[in-house]
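In the two complexes that follow, subunit A is the common piece, with subunit B as its partner first and subunit C second.
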Partner chain A sequence: MDVVIVGAGMVGAACAYYTSRSGLSVAVVDRGPVAGGTTGAGEGNLLVSDKVPGPELELALLSASLWQRLSEELPPGIEYELKGGVVVAASEGSLATLAATAAGQREAGVEAHDVTPDRLRELEPHLAPHLVGGCHYPQDAQVQPALAAAELVHSASRAGALVRPGEEVVEILRDRAGAVRGVRTNRGELRAPVVVNAAGTWGGDLAALAGVNLPVLPRRGFVLVTEPLPRLVRHKVYAAEYVADVSSGSAALQTSPVVEGTPSGPVLIGASRERVGFDRTLSVPVVSRLAARAAALFPVLADVRVLRAYHGFRPYLPDHLPAIGPDPRVPGLFHACGHEGAGIGLAPATGLLIADAIRGKRPALDLAPFAPDRFDATCPVT
Partner chain B sequence: MPHSKDDRRTPETGCAAIAVVGAGPAGLAAAVTAADHGLDVVLLDAAAAPGGQYYRSPAVGLGANRPEALHHHWRAFAELSARLAAHRDTGAIRHLTGHQVWTVERTGGGDWILHAVTGGGEEAHTAVRARRMLLATGAHERQLPFPGWTLPGVVSAAGAQAMLKSGLVLPGRRIVVAGSGPLLQAVALSLTRAGARVPALVEAAGYGAYARAPGVLAANPGKAAEAARFGAGLAGARVRVLTHRAVTEVHGDERVEAVTVSRVDRRWRPVAGTGRRIACDALAVGHGLVPQLELAVAAGCGTRPGPDGTHAVTLDEQLRTTVPGVWAAGETGGIGGVELALSEGELAALSIIREVRGGVRRQEARRAVALRRSRHRLRAFATLMGTVHRPGAGWSEWLGGDTEVCRCEEVTAGRIRTACEELGAGDARTVKLLTRAGMGWCQGRTCGFAVRELAAAHGTGQDPGGPERRPLACPVKLSTLADLAEPG
Partner chain C sequence: MRRTRARTPAELVGADPEPEFRLTFDGRPIRGLPGQTIAAALWSAGILTWRTTRVHGRPRGAFCGIGACYDCLATVNGRPNQRACLLPAEPGDIITTQEGDGHAALEG
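Let's turn to the complex of A and B:
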């Protein structure tokens, strides 16, 4: 065995896919099922629109092209849809900020079109009339995240990967020099010189098993799911404030409306962000705010019934960037976690970069901004 | 009586001493007992009239002059209804009919806020505040899929009973009753009394299994007498009782024309070559009941798996859940029937009174002892019943690859098998994520048990997990949710 990947969510699945295709012999272990954590609780956003120029946007653009390729290789059941995103502004002030953001994104290679109120109505006929304009991002896409992760794992397993759900890593085995030599699970040992931490929101716990600090924290989000509807919402539609909420460092609640239709009919309504640990109780104030903001954006949804609500815990790192690459503190340990709310979108690039890094190939992007040990000075182990 | 002053009656702050969710046998018994002892009670129920699923009454105007003909234990209900009416008149019980609680939340001070929706098209919202909560949320019927079960004319056994009780309508003229559990006998009898011909009652388990627990039977002579009464009634109505058999297929183009009944082994595996057609124009089918735990789970109450394969709320001797301030009674704590629900409702109310007052009078203490004794006896019987009628693992062998398991999302057994065998799903949640089974209108209430069983049969032996989480206990309009938002 060459590589043990811990975590069978979207990121672990992508790591398994790219490492097994590069000829390495791979095992994937997860204490739960495939897509059982944050992957199964997400909407499956593949976005470039919500990222400002910088390392995360580069990762997103690389991923966007990889997703297109994956959509041709994986079964159509993954519901990949290059639907495009529409960001809307309710005031001239937020429209100006949005236009400035879009100009910067264009220079970084993002396709972004400023949109007049009339054009907005063409793109989304049911939007509220008070909006003053927006921006259209044709590269934004969506995928059914649990199916996509399961299909990537399935594809890896056909390429020879060993897939072990329901198996929990309890120890990271090290040799006398401190280098990784595998993992011990509740069922036995898996020996390999490389261990990839793709444990998502629980990535900090896995890092701790190797004796290193990685301050991944859960950032809770709720999603409301409506009854199935004919296609009322064509794009991923969200308010301009969303970008500011995503990059906020505050633990307090942020809600900005994010509304999208799905091929199966239900409309998904997000997005809330709050750091409340792993609290699994429904928050009435949060879901009511989500509902109010979605209804303000799309008045047509007011009479629609919400069938269910669910929550997930985004893996949050203090600078909102994931940890990707080898850990200089523990030879053989690689990290691929902490993607916050963007893990589905960023997974293919992450998997590819990890596969290249393991094989000693020069990675397609500079990994320095994603260095796993970058928090040692600012966020020491508590 | 340390708490009595602010706990007994605080209408000025709009905070009731106790909120009872569900006006079926358990909730009704609890509410009137609590009110008898001076607690102010809010009773919330989705239906227009008290009684729950069990004491479902015909709508006024249907001219039913003897609804009791369809009910057992009618006298207990009539007496509870009279007490409820008296307490409503004095204001001791605020009975909120047509109120469906969609979630509950705890305030910082430890009170409970129960959020309910009312009305149909003109949905409105009510929030009720209470110091304590008693969950008597009842149960829904358990269904197992089989080829043809989506054909018109196939109805749920409890649904057929409910149609009779509320609308006095028969689902057909020649009705086969099938599935498993004691409810089937009551349903078959009700159908024949209402004028239908029931050619067969098809029970997948066998009644002989009860005899293996003679102690439990001896302690419950009433149950044996009831079984004898049912047996005699069914014989009198010329209903053939076929045990260790199951309906393995339904025939018909537009609607039910016949069913195939096959012998099943002890694990409920159909025995090849034993199929026999029975002509009928309707099939009433049910496989026992499943506790409705949405609100209990939302409140954080612990649950436990029961012998019947369902999850139920964990309760102590005082009918307290694992969450302080929350009690449960009746089917919520495990399927056990009307008599048990009545005992538990009263017992839970006495337990609450004891906590509010810091003690109970001798007479109430004696009553509690008697109720606890009957609860033990009836719970023992319920355990036996759950064990006897728990679907055997072999039932899934009567499914075809194209048999729909989730009707809302049209997910077939074949797709569930693929999700398990190829995509690695081993539990119901993952099957749901990968196939959409259970994501539709009923939110898995119909297919949940079947999906869980299929995941266990075809998956890789992963932890099946607890009961499904449904943070919204019923659908709620987006505008209703939005109206709850604070401005800003």
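Let's turn to the complex of A and C:
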């Protein structure tokens, strides 16, 4: 065995896919099922539109092209749709901010088209009339995240990967020099010189098993699911304020409307962000705010029934960037976690970078901004 | 074993319901009892399906009967996607077969 990947969410699945295809002998372990954590609790967004120029956008652009390739290699059941995103503005002020953001993104290689109110109605006929304009991002896409993770794991397993759901890692085995030599689980030992931490929101706990600090915190979000509808919402549509909410460092509640249709009919409504630990209580104020804001964007939704709400915990790191790459503090330990709300989109690039780093190949992107030990100066181990 | 002549659930439990009332399914009158769900009233009238699926147009009726599976959706008084197995039948209810998502008016 060459590599043990801990975590069978989307990022762990992508790591398994790319490492096993590069010829490495791989095992994937997860204490729960495939996609049982944050992957199964998201909307499956593959977005470039909500990222400003910088390392995360580079990761997103690489991932966008990898997702296109994956959509041809994996079965159509993953519901990959290159649907495009539409960001809308309700005031001239937010439209100006949006246009400035889009101009910067274009220089970084993002396709972004300014949209007049008339053109907005052509793109999305059911949008509210008060919107003053927006921006169209044709590279934004969507996937059914649980199915896509399952297909990636399935494909890795056909390439020889060992898949062990329902098995919890309780110890990271080290040699006398401190280097990783595998994991102990509740069912036995898996020996390998490389362990990949793809434990998502629980990645900080796994890092602690190796004696290192990685301050991953949960950032809760709710999603509402409507009754199945005809295709009323064609793109991923969200308000310009969403980008500011995503990059906020506040623990307090932020909500901005994010609305999208799905191939099976229901419309998904997000997005809320709040740091409340792993609190699984349904928050009526949050879901009612989400519903009201979605109906303000798409008045037709006011008379539509919401069938259910679900929630998940985004893996939040203080600078909103994931941890990707080898941990200089523990030889053999690699991290691939902390992608916050963008893990589905960023997973393929993460998996590819991890596979290259393990094999000692020069990675396609500079890993320095994602260095797993970058918080040691500011967040000492407690 | 003592044989009983009871033939319906109401007879088996010795129920003494309030007077029955009328509702309609696709324009045809059927009988309902106070406390019955829409699905129970439809079953009592021998009706087993009241929806067609979104993609293949296949017939559907009650499956789990306890509100979990969303298979028994019906259009009740013009409102689609009502769970027939949970919704109590009311006098004069108008139930219609739901085709697909039941929102044909929003198409276009």
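What we mean here is this: the second predicted complex is superposed on the first by the 382 of 382 C-alpha atoms of A that agree within 3 Å, B and C clash if a C-alpha of one lies under 4 Å from a C-alpha of the other, contacts with A are read in each partner's own complex, and residues count from 1 in each chain.
Please note the rule applied: a residue touches a chain if its C-beta (ideal position, glycine included) is under 8 Å from a C-beta of that chain, and two chains touch if they have at least 3 such contacts.
Just so we're clear, the structure is a prediction, and the values are computed from it rather than from any experiment.
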Handout entry: Side-by-side fit of subunit B and subunit C on subunit A, or clash
Key = clash
Exercise for the section: Applying the touch criterion given at the start, work out whether A:S155 contacts subunit B, subunit C, both or neither, answering first, second, both or neither. Expected result: neither
Practice task
Go through the superposed model and pick first if A:E227 touches only subunit B, second if only subunit C, both, or neither.
Solution key: both
Exercise for the section: Classify the contacts of A:G36 with the two partner chains as first (subunit B alone), second (subunit C alone), both, or neither. Expected result: first
Exercise for the section: On the superposed three-chain arrangement, identify whether subunit B or subunit C touches more subunit A residues. Expected result: B
Practice task
State whether A:R305 touches subunit B only (first), subunit C only (second), both chains, or neither.
Solution key: both
Exercise for the section: Report for A:S20: first if it touches subunit B alone, second if subunit C alone, otherwise both or neither. Expected result: neither
Practice task
Determine, under the contact definition given at the top, whether A:Q139 touches first (subunit B), second (subunit C), both, or neither.
Solution key: neither
Problem - Partner chain in contact with A:T350 - subunit B first, subunit C second, else both or neither - result: neither
Fill in the blank from the handout: Candidates 111-119, 183-191, 291-299 or 345-353 checked on subunit B; the stretch that hits subunit C is 183-191
Handout entry: Set of subunit A residues, in rising order, touched by both subunit B and subunit C
Key = 227-228, 305, 307
Handout entry: subunit A - residues contacting subunit C, complex
Key = 227-230, 232, 265, 300, 305, 307
Practice task
Using the touch rule from the top, collect the residues of subunit A that touch subunit B in their complex.
Solution key: 8, 32-36, 40, 146-147, 150-151, 153-154, 163, 165-166, 224-228, 264, 266, 269, 280-285, 287-292, 294-295, 301-311
Problem - subunit B residues touching subunit A - in the complex, by the definition given at the top - result: 103, 105, 113, 115, 298, 300, 409, 419, 422-427, 429-430, 433-434, 436, 439-441, 443, 460-463, 469-472, 475-479, 481-486
Fill in the blank from the handout: Residue positions on subunit C within touch of subunit A in the complex are 54, 70, 80-81, 101, 103-104, 106-107
